[in-house]
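Below: the structure, in structure tokens.
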Amino acid sequence: MTSPMLELTGVKKSFGGNHVIPGLDLTLNAGEVTALIGPNGAGKTTIFNLITGFLRPDEGQVVYKGENLHGVTPEGIFRKGLVRTFQEVRVFGGITVLENVLVGREHGFRSWRATKRNTAAAMETLQLVGLDRKVHVMARDLSYAEQKFLSLARVLASDAELLLLDEPTSGLDGRSLDLVTALIPRLHEMGRTVLIIEHNLDVVRSIAERIVFLESGRVIATGTGDELFARQDLADIYFGGGVQ
Amino acid sequence: MLQFTINLLIMASIAAIVASSLNLLIGYTGVFSIAHAIFYGVGAYATALVSLHWGSSLLLALVVALVSSGVLSVLLALPAARVTGEYFVVVSLAFALVASTVFAQWTPVTGGPAGLVGISRATLFGIGLNSNESYLVLSLALLALVTVILYVLIRHTPLGRSLQALRDDPLAAQALGKNPFRLRLTAVVISAALASTGGVVYAGYIAFVNADGFGEQGGVLFMAMVILGGAGTLSGPIIGAFFITLFPALLEFADLPSQAKGPLEQIIYGAALVLLMLVRPSGIAGIFSALSPGHWRRARAVAGADAGRQPVTGVPVPGEYTPTGGAA
Amino acid sequence: MLALQLLVNGIAVGALYALAAVGVALIFWTTRVFHIAHGATYLIAAYTFVSLHGNSVLLALVGSTLAAAVFGWGMNKFVYRPIQRSRESFFTLFVASFGTLIIVANVISLWAGSGPKALPPPFGRVQIGFLQVTWVAIIAIVVAVVFLLGLQFFLEKTETGVGLRAMADDVELVDLLGLNRRRYATVALILGSVLVVPAAILTTYVQGLTPQAGLRIATIALIVSIAGGVGSLAGAVVSAILLGVVENVSTLYVNASWGTAVGFSVLLAILVFRPSGVIPRPSAT
């Protein structure tokens, strides 16, 4: 095996006296789809914030492709090839759907001359998420589900290799849910590495090669879906919390 | 009467140039600055100095104005590295106060409180723009040029898209690789440079420059034009500028003691601002958009900007990002 | 020696700025409004005092305090709260606040004229060692210390005060704890407005009064409370005094008309190099 794509070692984070991440080791291998699951408040989103530079670890390190990300800004981390979505919908409401997607592809002066190519790529991605009919609609005029799709399209269209998706299916059902569920394996086929926070266990089972189970900021189990879903103790933690 | 109208139209176009430039910050970048009268002033002083020392070339005056206000604006943008969002307003207010002191007190260069006199009308390609009519054409042409530049920048360039992304959601923009400081700096410099061109026309037209109108009071007026007209629309600041400039002309005809006119005008602006904020914060252009949604689709951009700025749960702001925006 | 003299004057002026600034800070904590209309409160208090003090100084004091309190209360009730109810946005609130300042300043100049007003200096000077200090400066310092200590006591020892501090930390927390956010906003606006009264009166004795003073003092109060570190009263006080001192001491080197500009430049530089303020608030633990 090659060296891991992303490696967190001894990462700690507390807010005030609240030790949200008391000590975390986590490894992602290139090309894998990993699901990060755990009860609400387990610290999943916090881990995303720590990886993407929105928060700095109190201790420990985040290493991406052999490079320590300490002190790198969120935008710097994006340029190294990591991109994330947010748990809540965060589209750029005042510009169109197409422009939203272009934003993630256009960097530096060179992009000024590549609008055609970038637009073509953006259109392709929008087709993938079924928004190709709405490219010129203002993002704020989209429905909630469409805004979720747009958030996904934005990160897919960027050339990032590692995608961190924070609950891409939350609030979705029926066809919208199926659309997102079907999308993840396609990413995998494109060779992207994915870390996904997901509450819907059916979705997790169908897309994740590896599952990391988090509770109170600690990894308490890692394995394939079949391994973890068989364990009653995990089910108790997951469903017993009652926070859902 | 004709000269009176021409004069008003020139002043309104100049105001529209400055307000449109400011709109790049307020309406499209989400940077709320009250310092724009300063850059307008820098344009005017630069033109005065060029005219007094180097002659009446319009192009030379424009270049000097663009460069000097662009450079000066970096000083304003510097705190934006750390001080973001709402706090920047206060920084810009303080900056305006400092800079207007410089206008009024740096006597060797600005002429101090007495100002600079004897500025000549500009010449363009050897043609002297001596009549008021030619200045009207000049100011309208410049307004058109500034509007086209802004239109292209905002609608058709990656920079424009990035600025609006930053306005709508700074965190999401960062997550997509945007450097907020660099973008804000770029926007401030471009906006300040464009605003200075209004000063170029003003100085040549009035032939006299002093610190009046280039301080905080002037800055508030330009802000009012953008907000009243409708921030985040191309037409809004122009509507606002014409409204605020032409409106006092009506008071000219009213039978009022002359010293009451100034305050009365201001009271009306103030009341318009407060009422509009209470009723329809998207400005006059926003009122049109309510009437014909198709045409004025973009008018609501600023309403969206507001929404984007609201705190959302799960945002990792506390801790690493202190309220003033600096890393802890 | 002149320097020392200027230092004392600077501290006195700074103490008055501090009184204006803590009001703005309190109001920001609770309403998240940059209350630039604080300048209007200042004008209302000062002009009320000037127009009444011929009758009786006590009446003038009571009158200007009442006027300030009523204005602050009304600002919250008729401007901030309606806007916050429909769409809570910083721009909207700030512009409305600014609009109110413009209205008040100009109504005053219609009514009282735009020229400067002055109050006769009531007491002379005292000689302390080799320093000549005006009584007004001494009173300013004493009044500021008394009011600031009183505020500190109020914030730490009373239930309402503790609630106000909690709001500074976390507005959502206040909602969670069931504290009444609206009531605190009202308290903060009234209290903050009243705090500006001594500043308005004493500054009028020292520097005179014009309708333009409102914007100036509000700008000072805002920049000082931000340069001091958001949420930090001590920081606001320190940077207010710093501004007063720099303003005065700089006149040793430059013309007095540059004073405020030099002081502001120092505060801006602080913001660039120490963005969390002079005295950053310790993060909640």
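The first chain written gets the first letter, and so on, giving A, B and C; residue counts start at 1 in each chain.
Assume a contact is a pair of C-beta atoms (placed from the backbone, for glycine too) under 8 Å apart; a residue touches a chain by one contact, two chains touch by 3 or more.
Fair warning: this is a prediction, and the values are worked out from it, not measured in the lab.
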item: Two chains joined by the most C-beta pairs in contact, as defined above; value: B-C
item: Chain whose Cα centroid lies at the greatest distance from that of chain A; value: C
item: Centre-of-Cα separation between chain B and chain A, whole angstrom; value: 40
item: For chain A paired with chain C, centre-to-centre distance based on mean C-alpha positions, whole Å; value: 47
item: Distance from the mean Cα position of chain C to that of chain B, given in whole angstrom; value: 29
item: Multi-chain contact sites of chain C, meaning residues that touch two or more partners; value: 283
item: Residues of chain B whose C-beta touches two or more other chains; value: 302, 305, 318-319
item: Partner chain B, residues of chain C touching it in the complex; value: 34, 79, 82-83, 87-96, 98-103, 105-107, 109-110, 114, 215-216, 219, 222-223, 226, 230-231, 255, 257-258, 260-261, 264-265, 267-268, 271-272, 275-277, 280, 283
item: Contact footprint of chain C on chain B as seen in their complex; value: 32, 78-79, 81-83, 85-87, 89-91, 93-95, 97-98, 101-102, 104-105, 216-217, 220, 223, 227, 231, 259-260, 262-264, 266-267, 269-274, 277-278, 281, 302-303, 305-306, 309-310, 318-319, 322-326, 328
item: Residue ranges of chain A touching chain B (in the complex, touch as defined); value: 15, 45-46, 49, 52, 54-56, 73-75, 78-79, 83-84, 86-88, 90-95, 99-100, 102-104, 106-107, 111-112, 115, 138, 140, 154-155, 158
item: Residue numbers on chain B that touch chain A, as the complex places them; value: 156-159, 161-162, 164-165, 167-169, 171-180, 232, 297-298, 300-302, 304-305, 307-308, 312-314, 316, 318-321, 327
